[in-house]
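So, here's a batch of structures to check.
Consider the two complexes below, in which chain A is the common component and chain B and chain C are the respective partners.
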Partner chain A sequence: MIKVGIPRALLYYQYYPMWRTFFEELGAEAIVSPVTSRVMLQEGGARVVADTCLPVKIFIGHVLSLIGNCDFIFIPTIRSIRKNTYNCSKFLGLSAMTRAAVPEAPPILDIMVDVNKGRLRLYQAIYRLGKNFTPYPHKIRQASLDAWRTQLKYRYMMSNRGLTQPQAIAKVLGTSTPESQVESPETKTTIAVIGHPYLLHDDFISHRIIPRLKQANVKVLTPEMLADTTLESAVMKVMGRIQWTCESEIVGAGEHYLRSDVDGVINVMAFGCGPDSLMMDVIRRQATRLRSTPFMNLTIDEHTSEVGIITRLEAFMDMIYRKQRARVAVCG
Partner chain B sequence: MRVSFPTMGDYWVFTKAIFDKLASELVVPPPVSQRTLTLGVKYSPEGACLPFKITLGSMIEALELGADTIIMPGNYGPCRFGYYHRLQEEILRDLGYKFQMINESMGIRRMAASIFKGSRLSEFLPGLIFSLAKLKLLDELPHTLYRIRAIEQEVGSATRIYKDTLKPLDKAKSYRELRQVKKEYLKKLGSIPTRSSDGVVKVGITGEIYVVLEPFANMEIEIELGKLGVEVRRPISLWEFVSNFNPLVIAFGLGERRRCYRAARPYLSCHIGGDGWQSVGEKVLHAKDWHGMVHLEPFGCLPETVARNIMSKTKEELPVLNLIYDEHTGKAGVISRLEAFVDMIRRQKRKPAEGKRSNLTGGRAHGSLSRH
Partner chain C sequence: MEAYLGIDVGSVTTKLAVLNKDAELMAALYLPTQGKPITTVQEGLRQISEQLPKDLEIRGAGTTGSARYLAGVIVGADLVRNEITTHAVATLQYIPDVQTIFEIGGQDSKIIIIRDGIITDFAMNTVCAAGTGSFLDHQALRLNMSIEELSQRAMESQKPVRIAGRCTVFAESDMIHKQQMGYRIEDILYGLCQALVRNYLNNVGLGKEINPPIVFQGGVAFNRAIVKAFQEELNTEIIVLPHHEVMGAIGTALVVHEEMSAGQRESQFKEFSISDLEYHTSSFECKACPNLCEIAQLSQNDQVLARWGGRCDRWERSPESSRH
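And then the complex of A and B:
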């Protein structure tokens, strides 16, 4: 059986169930790299120039860890999935960068997704990808339809049942049945954590911010728990148009949660991330303007210490608890 | 309406020419200076790229001069450029400035309408074509300058002539005057006392368009290279960029940019925003006819970081010096890196020649190829 390697980084979090369905339907096996480790960061970081952003360094580390375990590595070039809205440049050059940085990697399966070029081009790209596994177009067609259905189901699980991406992936794969956020035991405090999924849900990068908050009996909301339409209209409200696909994860989710009744919003961004450097400022300004919800930004780089993160989280939570107590005192 | 735009290099000449025939008044912001940068840095988010900070500073300086409308280009795309004007507008409004921002995102037609308000098309169109002629000249003039600068006897004389030409170029009102300006300029440059041109190396400059074209941002790299006896090649210019929208250029795949894209294809096959694709192509394309390349990049620039990662691994070999700029970059550091780079190129250039000669004369090969 042909083995297709999928790095557990960047777009993995948004599309893994879909990709897996597609490859399995075509009779291939999807192999995912193990969870991020320090070694991956070191090895990946050594292959690219120093000021490449942290998530990309880690991505290269994942690719390196897949060498020898698979016949192909799947690195799609997802340029645009909405008219005139693009992904960050790094995604666009990801397969090219990987090819340059890891010349010994197995052949890279690349598919160019750009809706601005029209449906036909997209279908052609899918067929070209499928041709690596089967000569029959109808099989490719079936596989892509099933893959799309999986994606819709996956998205629905998150936006309507309040699952995070790792939880929804586990559910789709049937490895565990996570309890839904919505039905979780009553907690008094809700915090929205916003940022790219590959930062939030990679425990190595985020230093387990979300599990830590949950342990402290805080209900955590993340961007993927909102429907795409909600996110997009929130971006439109603030910015007037959408520039980046990932804008909804930060500006959209930020705007929505700042105006909702959550007790605090935490933005997680990677040092050296271009889009974030501007989007974070938009949300920070919005938070200052609204003055309703406490807002904190955590910038993470490879030298960020766990202790530093914990200290800042604790300080932020203390501030929120104080505010709540004050409110209770006033009401009582 | 008092319109302004952030400055970039000498292109104020071009913008002034456009506004010559328009009803609205143009406010030319002062050339980029340390003050511009300091202002920009103060009010920009920390991680924003250098062009963001400088253009923001330039907008503030224009508003201080009484501008009430700012034109900021910026379109859809993967890099941060399209985002500039929206955040900059917010920052300026939060600072209390009252103005109107004109941008492509309001739709080309509405944008044009708001700029052309009150002007007559019959006057404006010839004016636009004339300003394009000026733009083309702004692209042509430096090429001779680069050649002379590398071999002039008195450092700075060519630069002075170029700077002095900008004023008559700005004043020129007809095509005849334009030709006159050009002739004069070439004549003056031609009369500069020069040294012999052997030992001159050709170094290309590429990278992110703003730092390439704004001398303050790149620490006057062209002049510094000239001092080192380097003949600069700079394919990127605003004219080159504009001529890309020429349908004929598109149809026949002409122009530096498209040549670069074709050359880069084995390594990078799609547009990644900004000038990243071109930077990769420039290296591949000119590996034979340049002796080295200086790649300019604002710190944290998305497309150029990708380009740098790919560029370093191409099969075509060309020494590349990557210079990364932010508000803390010091000129002394840039100059010493340039010196080391040019030295290295000279040594490399000499080596194969020595090799050949030693074959002929039995190892006695020094002297004539020495540096000045």
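And then the complex of A and C:
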């Protein structure tokens, strides 16, 4: 059986169930790299120029960890999934950059997704990808339809049932979720954590921000729990138009949660990320303007010590608890 | 006589404060950490106990600062609290209507925004140390000057020179350049203070609503030239409290006081005599997974008191968990 390696980084969090369905339908096996570790960051970081952002360094580390375990590595180029809205340049050049940085990697399967070029071009791209596994066009068509159905189901689980991406992936694959879905009744505080899924759900990069909050009995909301239409209209409200593919994860989710009844919003961004630095600023200004919800930005880079993150999280939660206590004292 | 102890172990200095039951300051201490938090805390306890009456009973102890967990284990702290909360609580005790707190320490700086006596926003510096005390320390060292002298000379400036304060490295080359051009050292030094203030306001204070009353605290508030530069930049009065350098410790003692009097708990404080005990720290690399975490451990007489530094809880051990 042909083995297709999928790095557990970047777009993995948004599309893994879809990709896996596609490859399995075509008789291949999807192999996912293990969870991020310090070794991956060290090895990945050594292959690329120093200015490369942390998530890409980690991506290269994941590719390195797949060498020897698979026949192909799948690195799609998601250029645009919405008309006149484009992805960050690091995503556009990812497969080319990987080829240059990791010459010993198995052949890279690439597919260019750009909806601006029309449906036909997209179908042709899917067909070209499928041809690596089968000569029959109808099988490729069936596999891509099944994959799309999986994607819709996956997205529904998050936006309608409040699952996070790792939880929904576990559900789609039928593996048991490590943490139970039942929230303890005494969770009184809700925090929205916004940012790219490859930062929020990678416990190595994020220093376990979400598990730490949950441990402190806080209910955590993330961008993927909102429907795409909600996210997009929130971006439109703030910006007037949607420019970046990933804009809804930060500007959309940020705007929505700042106006909702959450007790606080935490934005997680990677140091050196161009789009993030612009989008974070939009939300920070919005938080200042609205004055309704406490907001904190956490910038993460490879040198960030856990202590710095813990201190800020503690101070942020303390601020919210003291505020709640003061409100109780005034009212009651 | 009952009292409450707060200890703030920062990167550069360690601060201790003891409050009586009416939250009045009985004793305070400010000493350099010198990279040895454990012995500094022990030494601090020894020194402060000499200032205190013999019949004093510590009803609660707390720690804050970057070494708060380590210090907490050593003294038997009843609570360990972050620096933001403790600084704000202390300032509110003295200036109840404070709206903005600037705190500049050795390696980090913070801004705390307070409205109606409640923290509503805060920020701490990120990777950059250009707006902190170590920036000034470094420049004073280079000019072969004590930090006190730097402050004094800067106050004599008549026509400050503009120094690029974006980064310590650039500021240094800019200063050297200005020195070589023949500008007066006083003017360069005050220019440096202005650069630090600009850097602080543009980094830590970015997007924050800075309203008076503004209270400035932390070690750098000793520097009158910085206070003056803040006043000129913001065109408003900057309040520097008498015990501005120990506010973190005072705030910790206040929080301990508040929580211990409410909860009727017995304090875990291990007495001032812990200054005679021998503590050892060591570290090792955990090889259980590819993360290769560096685990630090604190032990006393071959008994491990605490371990931390892991990404999972395989090695985590705090005094609470070992007690069961």
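Note that the second predicted complex is superposed on the first by the 322 of 332 C-alpha atoms of A that agree within 3 Å, B and C clash if a C-alpha of one lies under 4 Å from a C-alpha of the other, contacts with A are read in each partner's own complex, and residues count from 1 in each chain.
Criterion: a residue touches a chain if its C-beta (ideal position, glycine included) is under 8 Å from a C-beta of that chain, and two chains touch if they have at least 3 such contacts.
Here the structure is a predicted model, which means the values were calculated and not measured.
After overlaying the two complexes on the shared chain, residue contacts for A:M40 are found with chain C alone; chain B is out of touch. By the document's definition of touching, neither partner reaches A:A216: not chain B, not chain C.
By the touch criterion defined above, A:D301 reaches chain C but does not reach chain B. Of the two partner chains, chain B is the only one touched by A:R241; chain C is not. Once chain A of one complex is fitted onto chain A of the other, the partner contacts of A:R285 extend to both chain B and chain C.
Of the two partner chains, neither chain B nor chain C is touched by A:V113. Using the contact criterion defined above for the overlaid structures, shared-chain residue A:I81 touches neither chain B nor chain C, since it reaches no partner.
Touched residues of chain A were counted for both chain B and chain C, and B has more of them. Touch criterion met: A:A315 reaches chain C, while chain B stays clear of it. Note: residues 271, 281, 285 of chain A belong to the chain B contact set and to the chain C contact set alike, using the contact criterion stated above.
Residues 48-49, 51-53, 77, 79, 84-93, 96-97, 99-101, 103, 112, 239-241, 243-244, 271-282, 285 of chain A are the ones that touch chain B when the two sit in their complex. Of all residues in chain C, only 66, 81-85, 117-122, 124, 126-127, 207, 209, 289-293, 311 touch chain A in the complex they form. Interface residues of chain B, counted against chain A in their complex, comprise 45-49, 52, 76-80, 82-83, 86-87, 90, 94, 105, 267-274, 276, 299-303, 305-310, 312-313, 322, 324.
Interface residues of chain A, counted against chain C in their complex, comprise 34, 37-40, 203-204, 208, 271, 281, 284-285, 288, 294-296, 299, 301, 303-304, 306-308, 311-312, 314-316, 318-319, 322-323, 326.
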